[in-house]
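Look at the two complexes coming up: chain A is in both, with chain B in one and chain C in the other.
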Partner chain A sequence: MRKQKRITNKARLRKALAIPALVLGIAASPVVGQVEGGKLVLAQSANPPSLDAMTSSSETARNINMNIYEPLVAIDENVNPIPMLAKSIEPSDDLLTYVFPLRQGVLFHNGKEMTAEDVKASLERYREVGATRGMLDKVEEIEITGDYEVTFHMSEATPTFIEGFSSPRAPAVIIPAEEAAKPANEIEIIGTGPFKFVEFVPDDHVTLEKFADYVPNEDFDGPTGFGGKKTAYLDSAVFRIIPEAGARIAALEAGEVQWADQIPVPAAKRMSSDDSLNVYEARQWAFLTFIMNWNLPPTDDVNFRRAVLYAIEPEEVMAIATEGFYDLNHGWQYPGRTYNAGDIGKEIYEGAHIDKAKEFLAKSDYDGEEFLILTDPNYAEHSRAAVVLAEQLKPIGINAVVKQLDWATVLKIRLTDEGWNGWTLMQGLEPFLGPYGIAAKMRGDQTHMRGTADVFEESYNRLITGKTVEDRQKAFAEIQTAIYDLVPQIKIGDVGRMQAGSARLKGFKPFRAPRLNDIWLED
Partner chain B sequence: MTRYILSRVLSAIPVLFVVSLVTFLLMWLVPGDVASQIAGPDATAAELEAIRQRLQLDQPIHIQAFRWYGNLLQGDLGQSYLLHRSVVDAVFERLPVTLSLAFMSLVLAVIFGVLLGVLAATNHNNWIDQVTMTGALLGLSLPDFWFGLVLIFFFAVGMGWFPTGGYTPFTESPLGWLRSMTLPACTLAFTQMGVIARMVRSSMLEQMGQDYIRTAKAKGLPRGLVLFKHALRNALIPVITLVGIMTGLLLGGTVVIEVVYSLPGVGRLIIGAIQNRDYPIVQGGLLMTAGIFVFVNIAVDILYTIVDPRVRNDR
Partner chain C sequence: MTVEATVPDISASRAWVAHLKQGLGTAARHRSIQVGGALFGFIVLLAIFADLIAPFDPNKNNFRALLSAPDAVNIFGTDAFGRDILSRVIHGTRLSLLVGLLVVVATGVLGVIVGTLTGYVRWLDGPVMRVMDGLMAFPGILLAIALAAVLGPSVTNAALALTITFTPRTARIVRGSVLVLREMPYVEAAKACGASHARIVLKHILPNALPPLIVQLTFVFSVSILAEAVLSFMGVGPPPPTPSLGNIIAEGRSYIQEAPWVALMPGIAIAMTVLGLNIIGDGLRDTLDPRLRNL
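Then we have the complex of A and B:
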């Protein structure tokens, strides 16, 4: 008989809510005064590329999809995995099997009850079309072990498997088995979430309406992250696609929309004095990073890369790139998070060290050739950072040239060894989800920096296979040390995201996607 | 006349062929591909290759070109890679928005442009002329983007008379359609109105100096009749050509207005497709837009022969 540890919902929730309750003073008990009904109009900047949630890792798709679909395992407010459609998660001691008893009575939007057959079919489909299907690489077989139970048989023990499986990046959501048989982007949009799909008019809007037969997860006391006990108060929600920031703000101020994403910092400052609006600051939204190409001179030379690292003054770059909404953070994890590696690299990060930079430049083989900084105008932070970085590097004798191309072209070029030395990139979900995504991009065949070093490979393996949190923390500390030594990427700082909403909108808390559950509109 | 129309229609075929060829080749010359857009910045090379194979983008360009033209001859412009619908559907869904915008702004631009042009010409060199032409110059000079936001600020946020953006189909609510189209059409019309007013003014001034106008005045015809029946009718001939060109430009050039007012039109469709390397939409959308442009110009040429029979007789 297999020995199993049981991760229950109540235990998870207690752990999840402990920190915010203490730090932010947020009560875990339900808020009173909710108003039923009403239509919430939200404004976002771009179309969802797909409403087939498995296939897209786009933020604009996630904003909508996380309200329609649910996975077996979700993340809570502190990004810890919690059971969602699973009743619990029962790993064996050797971590070679995971049993997922399912919640019973959960209904799809078409009225059908979710069973183990739907779960297996959905996850088998995810292996085929999932945008981050690598998360299931270690799952050898998905076995139906009861009408309401599935068991994963793993090819090898991976202590961090559940963290990866809970990722909302391109979530492994559960859809009806008959839909799971269909190819990517050809399914009916049917999930188990508190809101169901009504219509999508590209470049105009996506409409969702309350799923009246939604079955909340009673194992929780309230909502948390993308899971917990969700309650839909709104009758419907419309995501309007408004690409121009000024028009999003105008729509909010005119009362046509009640929530808007990506508010420019100067406008947010102005709006914060308006009593009819609330401005939400999501501070830990993304890392602004500067990625080095290890396969093209001069950045193939570690001493040249060190010269770049030491010459950069992060505060100046951040202040200009983000219009003043930033946090300086040398770490490759956010402060306060489990895997934050403390002061490693802090001394190097704080301010420019011009003498040291010149010393490394002299040690390198650099001969005045162009240092090409690849960037794009689609994300203003990228291009503004590139310009400041170039100006900071020129005084120490680096012939920095900004190469600005459109986003699609940048994505193509950065996959080659030619045409770029440095690339400005905001990394949003990777650091939010923990250390694994960050570390994964520095090892293996598909690194951001077009090369790797043994230390990244070895430390990554220890990170994902470490049996205890301490083991894994140690492995990530080694990675951060190596980042400041070998310079695959340079951390510039933490970028925030401004959102705003009508004062009538109650219960809203910023997260990685707007959650339509447990928010309401006051009359 | 029939022969004339037929010859103009036949001459459109090589134009459209060249447009399709240039569009096809240009999209293949620009770097970047749709696979990166679908898979995102963290995609592996294997994932990108799998997407390219699924979309048949890994095949040689001549095979893709043959497939594209083969389908085109059967009236099939292909499937969008990202919108998950046919190109024809995607474009036709958005045509009402762009046509509404172009038509309404053109009507406003022509009515006010002609009136202001006539007003300026009949008050040549006095303060009315100067104020009118300064207004026309302002219309030509102000960026659409900025002017659109100013109108939104005053008339949508401030007064609350119009929505800040979005599109209401005419079939859903005629009044809603009118409200959703008014500010975008006014923004677009302001620029076009300036061009028309200046053209009408100079054309009118030229006509007013002609012998037939002097004759009309000498025989005692009322001033209004001289102006509107004789001078304006002849002054409008170059304006018709201008309006024809403008119609084409409006159909393809509404993208800035569509972005500012969040209108789901053809311009935004094509710009989005270019950014995302959604080749079928770019190729099909541009071909259809070019087709409309060409046929609008043919219609203008035909209209020209009706307004001025000398043109028809010359041929």
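Then we have the complex of A and C:
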């Protein structure tokens, strides 16, 4: 019989509270003086592409979905996996089995109690439609081993499985079994979270309201990350879609919204002296990246992609795209993180190498055709980076053309082989969660670059199955080497994020998505 | 004996050329046209010689001078890319005038063709003008935004969208004039003498229908410049980094409190251009409209 060790909620929370927050400098802390009721209005820049949480890895969807749905395993404030709808996580010693006893009495928004049947149906659906379904690749079978227990049987020991499974990027949320039988984006929006869906008016707003029958996780003393013991104080919340930053700021300053995302840096500096507002600053928010389409000329040619890589001057792009709130970093992990691969690629990254770029361009089959840079105005960093990149590529003879469309359209186009060569994208959660998300988007059938190479597949496999940290570090270093050689994506730099809220908004702590639980509005 | 020889020379080409010369001479002496012409002429010269006059490349980024206030080097300041706003405004004005000119020429030609045909050929009037009425029923700028959004962002598409928007209005004015003119005694006389339809339209009706059209086209020109700015502001104008007055303002709106010069300078350029055109239009109306000529 396999020995199993039990990872409990209390133990996880103690660990979470003991370790200082590494990323945002914030840890869960007890709060007092909460006010019940009220409507919170939040402003974000774009529509959620989908409220079917499994199918979208978009930030604008996650902002909303993480308040409606919950997964079996979530992350805490320090990005450690913690049980959420699971009572505990019980891996066998050989890591070939994971038992997940479930919390009992958890209700869906339709009033039905969550059981093992819902969990199995949801995760089987995730295998079909999940935007990051690769994280379940090593799960051979999901077995119902009790009314309130499921067991995962793994095809191979995968030490990093729970870390990947807890990812909120496109979260493996639990929905009622009858909804899980439906295709992608055709479900009723029903979860177990502290807020339930009311309406979505595209280009205008999404309304949520407090789920009065929410069953908090009493194994925790308070909220942490996307898990813990959550309490809803607000009656309702409205996410307003306001694409233009100036309009978001005006709405915040006029009191029409009480929280706004993506505040331009000059405005944030001005607002920080306003006592009626709070400005929240997160330095390591995302990687600004430039992704290239491997299935469309001229970017199907590795020499052309290398020419682009060598022609780019990252500092200029970062300074303009982020309004000065950036760090130059060639690495595909943040400095100081366990999987940071050191100086690999640093020499290429530091400044433009025009002669080398021209050399690669001459080796390629490029014949002056348009190099389409896909971007959107909803994330100012994306569009500004695209404009600067285009200007940097023209002097070496690349006919770069900026193709600016709205965010939702961009997300559809980039899933096709046509209509784009390059795509400016901030990747936030991938590096936040460690190396797996970054590596996962370069292997399998859902790569950013519409293709892959054996080296990405093999190194990823070693990354997730490596027995020791050193094995896994080596695998990630191979991936970073391949990125600078085959150029699926180009790392431009690390981007910060400014958010702001009314001083009436209390208890708010910035995280990867605004958490509506445990915050309230003072009168 | 030929018909041509017997047609009385009531309003023949020489007469209306002389009339036009007289009108232009009067116009040139009109104070409004002089003031508007000077203002608009200055802007046109800036646009034509933009490559020589603009102090910097309008698309040249400078990340060490982001949102710099106006100073001796960058007289209008710089934008969020560190680009010189004066240079971008000059090049943006060129693009705005180009769009305005394209729209004026296209709406002028199409308006004259549609207006003349519907005014002169009675059976065409009903069906064609109902189509024009249908187009006019849509708010002009909304129609232009929709068309530009469907056709994609480019200078040509912006001009095409505005042409479709303004042609019905121009056609309606020409049609109105033609409806009146075709009943005039000299047209009746020409018909009685056996003049062809083409001759009647080209020699007797059209020259007299032009004055209100010219005034209307100055209005179309100025409204097209404003509409192009709106389209660019909405993101359906020329794609970045091409400068247009509208997209410079759009880029500046996020910094309206911290760097007001980004939106202010192109705003002033639009105001000056449209003001110049409107003053010219007023002067032309005063000069060409017989009812106002002696006021």
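We take it that the second predicted complex is superposed on the first by the 326 of 523 C-alpha atoms of A that agree within 3 Å, B and C clash if a C-alpha of one lies under 4 Å from a C-alpha of the other, contacts with A are read in each partner's own complex, and residues count from 1 in each chain.
Heads up, the rule we're going with is that a residue touches a chain if its C-beta (ideal position, glycine included) is under 8 Å from a C-beta of that chain, and two chains touch if they have at least 3 such contacts.
All values reported here derive from a predicted model rather than from experimental measurement.
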{"item": "Partner chain in contact with A:315 - chain B first, chain C second, else both or neither", "value": "second"}
{"item": "Chain B versus chain C as contact partner of A:215, first or second or both or neither", "value": "neither"}
{"item": "First (chain B), second (chain C), both or neither touched by A:198", "value": "neither"}
{"item": "Partner chain(s) touched by A:246 [first = chain B, second = chain C, both, neither]", "value": "both"}
{"item": "Touching partner for A:380 - first (chain B), second (chain C), both, neither", "value": "second"}
{"item": "Which superposed partner A:407 touches (first chain B, second chain C, both, neither)", "value": "first"}
{"item": "Which superposed partner A:354 touches (first chain B, second chain C, both, neither)", "value": "neither"}
{"item": "Per-residue touch tally on chain A - higher for chain B or for chain C", "value": "B"}
{"item": "First (chain B), second (chain C), both or neither touched by A:58", "value": "first"}
{"item": "Doubly contacted residues of chain A, that is, touched by chain B and again by chain C", "value": "244, 246"}
{"item": "Touching residues (chain side chain B, partner chain A) in the complex", "value": "30-34, 36-42, 44-45, 48, 82-84, 90, 93-94, 149, 152-153, 156-157, 160, 163-167, 259-265, 268-269, 272, 275-277"}
{"item": "Chain A residues touching chain C - in the complex, by the definition given at the top", "value": "244-246, 249, 264, 266-267, 269-270, 315-316, 319-320, 323-324, 377, 380, 383-384, 386-388, 390-391, 401-404"}
{"item": "Residue ranges of chain C in contact with chain A within the complex", "value": "59-61, 63-64, 66-67, 80-82, 153, 235, 239-241, 253-259"}
{"item": "Partner chain B, residues of chain A touching it in the complex", "value": "47, 49-50, 57-58, 131-132, 134, 185-186, 201-205, 240-244, 246-247, 250-251, 253-254, 256, 378, 405-415, 425, 430, 437, 441, 445-446"}
